[in-house]
Amino acid sequence: MSPILSQFFGDSAANLSVTNQILTGYASVGSTEVAVIGTVDGTYVNDAAALQLAAHVLDCVQSKPGLPIVMLVDSAGQEPNRTAEMLGLPVYFAHLLSCLQVARDAGHKLIAVATGKAIGGAFLCYGMFADSIYALDSAQLGLMPVEAMAAVTKIPVATLEELSKRMPALEFGAKPFALLGGVQEVWPADGALPDLLEKAIASATTEDNRALLGKERGGRTLAYDVRQRVLAESAK
Amino acid sequence: MADAPSDTRRRNKAARIARVQSLANGKIVPHEKTADLLGQVIEPGDILCLEGDNQKQADFLANQLASLDSLRDIHLVMSCITLPDHVALFKKGMVKQVDFCYAAPQGTAVAELLAAGQFPIGAIHTYNELYARYYIDLTPRVALIAAVQADRAGNLFLGANTEETPAIVEPTAFSDGVVIAQVNEIVDTLPRVDIPADQVDFVIQAPYPFHLTALFTRDPAAITDVQVLIAMMALRGIYAEYEVQSLNHGIGFNTAAIELLLPTYGEELGLKGKICKYWMVNPLPTMIPAIESGWVDTVFSVGGEVGMERYTAARSDIYFTGRDGSFHSNRPMGQLAGHYAVDMFVGASLQVDIHGNSSTVSKNRITGFGGAPNMGCQPAGRRHPSKAWLKAGREANPGPGSIPGRKLVVQIVETFQAGRVPTFVDSLDAQDPSIMSAMQGVPPIMIYGDDVTHLLTEEGLANLGACRTPEERTAAIRAVAGYTPVGLQRSAAETAALRARGIVKFPEDLGVSPAQANRGLLAAQDIKDLVRWSGGLYDPPSQFIDW
Amino acid sequence: MSRVPYHELKARERIAAICDRGSFNEILPPPERVMSVFLPELGIPVSFDDGLIIGRASLNGSPVYLAAQVGQFVGGSVGEVHSAKLVGLIESAARDKIPFVMLIESGGVRLHEGSSGEIGIAESMRAVFACRTLGVATIAVIGSDIGAYGGMGIFSACCGSRVMTEHGRLGVSGPIVIEKWMGKQAFDSSDRALIWKTSGGKTRYLLGDADVLVDDSTDAVRAGIISLLGQPAPVTLGSVSADQQRLEARLVQFGKTTNPDDIWTASGVTDIAAASLASGGEFANSYPKKSSAQ
Amino acid sequence: MEKFQKSFPSAPLAWPSGKTWSLAGVVGSANLEVLMEPGAAADSAEFDVQTSFPGYQDSWLAALSDFSTHYALGGTKVTIHDQGAAPVVITMRLRQALDQLIHP
């Protein structure tokens, strides 16, 4: 069992199962019982993984009404695969999100913690859908590392690195991601994680405050205002 | 009298055949023994012809030839240097001289070979020029060719892509040269015999079918509004103006746009039956709507086109087909027809200079000539009249001693290429000195300004054939060269004078409104529309299918 | 004379052709110049609408909030401003209980704006599901050249329903990425026929991922959208439980094949060549939608 | 990125009432977008160009000057975002944007 699970869930981590790096089960955080879904070891997510996670969300909604759902994210992305695309990978991911929405609508709190890699589609397809999102300071968050971005955009690494000093959106990591409002808080990997998680569960609301956070923290300055302008214009 | 010519070549051929007879069962040689066969049949000093043009390639034989290590002193003759295996022959130092037509697909590699002193050029030709020399001073001792099928006797079936095979085989076979054919399969009975076994010495069933490029397929989806505008100007200003009955089209998107406007805009203008009846052109998929709408009487082709096999076979009124019902092409005869028998050539190029010379060279690449110059030139030997030919002739040079008619040689270009590179230049791209010396003083001009009668751009139409002096021609070119540096040097007064004489015409002079120019006018919007027009008979290659 | 197909039109032309005549009222129109701050830093030209046109319109007399992506502009990609306009529009739809319709044309997150576009897409997904919970219809239209890929592929699948044409493609990883990952032998990104069979509208329709498959024309797309306006597709325990079974069955039945023709054959398509050539509407008529294919 | 501004004399354009802008084209490869808005001086057309293909200012100014001469565009401010459009495309987009004002 991965040490990170013991860190969060103590002895109850033993109740969790990890199959093909896909994490599911029920455990306790301090005195709070939670359902857990997630990925470990930076694995890639695919259609089968999405179904496996979705099945557990449905199990929780059906058998443990109202139980908070904790999502741990350690995944390098989705696996580019011909058969998965043919079968409709976006639909599998959207299905997982639908199940989480059903849980949210049924009163389950959704808390995500990026523990390792939280990259691209793998983060989008469950973790970023939580009510509240947190990250360990050691986690690797973002769209993609600067080198990969340089390769795709044909913009030199040096240019991107220089720009990322002013523009945290281009930087890779937990702290810049928090500046954008993408996570509520960055937690020290060696901190009192159960306490932090329990408090996070207690304080979670279903309001999506990421744009406002991004504005307040100065990392994503336009999103909130543009959205408010649209809402104001459309109300006329 | 011992040195008097007798039958040394015939005896030499017999000796070659005897050397390798053990490799063959009759004429059939297993493909594993190909390198062995080539190594023993070819002799140092041979003129060796390797079949390969811009579409069809004897690629297995080229590959096996390139695998030999000891071969030296070869005089290579071939129309197109296309494959990496062709380049390898030079890298290995096999070739003492090369005579060819076209090298664009390997243009950069060839320029590098040249700079390294590994590319000994005899001359760069046009297609028919090279085929003609096969009968004069470049007759092959050994020819390596490609066919679709052979029977066990060695008769060959060439399928839709006859291309240049007969032009290679005949001079070789009738001068005691050795003809070696790679075939896709060996069968008991051929659909038809294109090359008799008599002219074939060895047949090898290649482990893979010969390579064929879908060179003439243009996706209508990639045609722009600007190209539609130009096509509208072409139809009004040239096709209708001269009532052009017989013609050749290049392979660009501009001519594809014209083909696709015939059943729509052309019909609106009442031109059906008056223009574009006889074609010398490959089976262009973009001609399907015009053919299905009854515009076209006949089409003769230098080669086939991938995917057009069933369509051409089903339209035997239009295309030339064999007794078996399938399509037939012939490159040298098509080029000859394009030279003498059509009233108009329409081409495109990457660069046009202020004299109207055009070229497809770009810096430091060897491209060569191919077939366009055979058709994009004035056939001074022509004697049969036509309305278009006589009208262009009257405009050009009325006077004693002048040819009464002129072929319409039309160059269509946009003033800028992709990336805002101007098409019009003061002088054609300066070549690397090694390339210039390799050309032996022949400028890399595809179509000479003197031969061009019309230059058409999105800005306007210039009748160069009607210009009286070289200065006037330059002024007319500047007038339609738009906002390129060449165009910006025009004088408004000169342009106005040329316009008054009808030598320069802008869209409004031709009754064309740029606001109307819209892709919606095209008879087909994409490849799928072409398939539909064909009644499901056109089978586009999978790289063109987006449904 | 043939008409220009939906996939060839630009976003503004699509809007004009699909909405009731003259009914589109743009929110934050070009003169507002709500544009990317990232692109100028990278020497890339900006666009007045940042590649997303949003507004209110009517369709067959019913009000809708409509968004359309401009595929030509940085691949229809989603950056900070682009996503903020989108989120604002979806939230307007939720607030006013008016259907949300989006003409998708995007490869996903705008790499040049890094994680801000990614977070923006996540916010859009939250907003779309909020609409669905409220019973507000959310409709993705996929019929452009670029299709719906990456984060926008997932977003499209999050919408309550999808209108596709035979030209539309829905996926996560694009062909070039798959070829890079799996090798050219396994997936040749220049084989367009294979690409469309893998991710194109017809296969998506047969599997039930596209609710409506229509011709590649603005009239047909308009009719397709109108047919879905009254179908909000809320997510419920019942609906997602059924989806769970359906998607598991799909994985069992086809998870071992790479050949899309297997799906077609299993869905009752006998003449694959003819079906390939059929327009979206013809195809849908030949193979009417069952409750769901699998 | 290259930016330049220039005004050319042009006959006054009668802006249709209620119309405050028109837009044509998109920013994309070899394309551009043109935004027309009311300008300051009734007898001149103001152009504000930014292009990611630097080095063609002469050709741009010649095309814009010709357009201002051929069409009544006075009292209009034209902002252009360009990604390497050929002059014919520039002229075409200007005309499309203008058409929306002349035939609203």
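Per-chain numbering from 1; labels A, B, C and D assigned in written order.
Throughout what follows, a contact is a pair of C-beta atoms (placed from the backbone, for glycine too) under 8 Å apart; a residue touches a chain by one contact, two chains touch by 3 or more.
Values in this document were obtained by computation on a predicted structure and should not be read as measured data.
Counting only chains that touch, the fewest steps needed to get from chain A to chain D is 2.
Put simply, the chain nearest the middle, going by average C-alpha positions, is C.
Compared on C-beta pairs in contact, C-D and A-C come out with A-C as the pair having more. For the pair chain C and chain D, the distance between mean C-alpha positions equals 33 Å.
Per-chain Cα centroids separate chain A from chain C by 24 Å. Inter-chain spacing, taken between the CA centroids of chain A and chain B, is 59 Å.
We define each chain's centre as the mean of its Cα atoms; on that basis chain B and chain C are separated by 43 Å. For chain A, the set of residues touching two or more other chains is empty. Every pair of chains that touch is listed here: A-C, B-C, B-D, C-D.
Taken together, the chain C residues at the contact with chain D in this complex read 10-12, 29-31, 40, 43-48, 70, 72-73.
Across the complex, chain C is touched by residues 47-48, 51, 54-55, 58, 61-62, 78-95, 97-99, 101-102, 105-106, 120-121, 123-125, 128-129, 141-144, 149, 152-153, 155, 159, 163-164, 167-171, 176-177, 180-182, 208, 210-211, 214, 220, 222-231, 233-235 of chain A. Chain contact summary for the complex, chain B toward chain C: residues 221, 264, 518-526, 528-529, 531-532, 536, 542-547. Chain B makes touch with chain D in their complex at residues 225-226, 414-416, 418-420, 458-459, 482-485, 488, 514-515. Those residues of chain C whose C-beta lies close enough to touch chain B in the complex are 1-5, 8, 166-167, 190-196, 200, 202, 273-274, 276-277.
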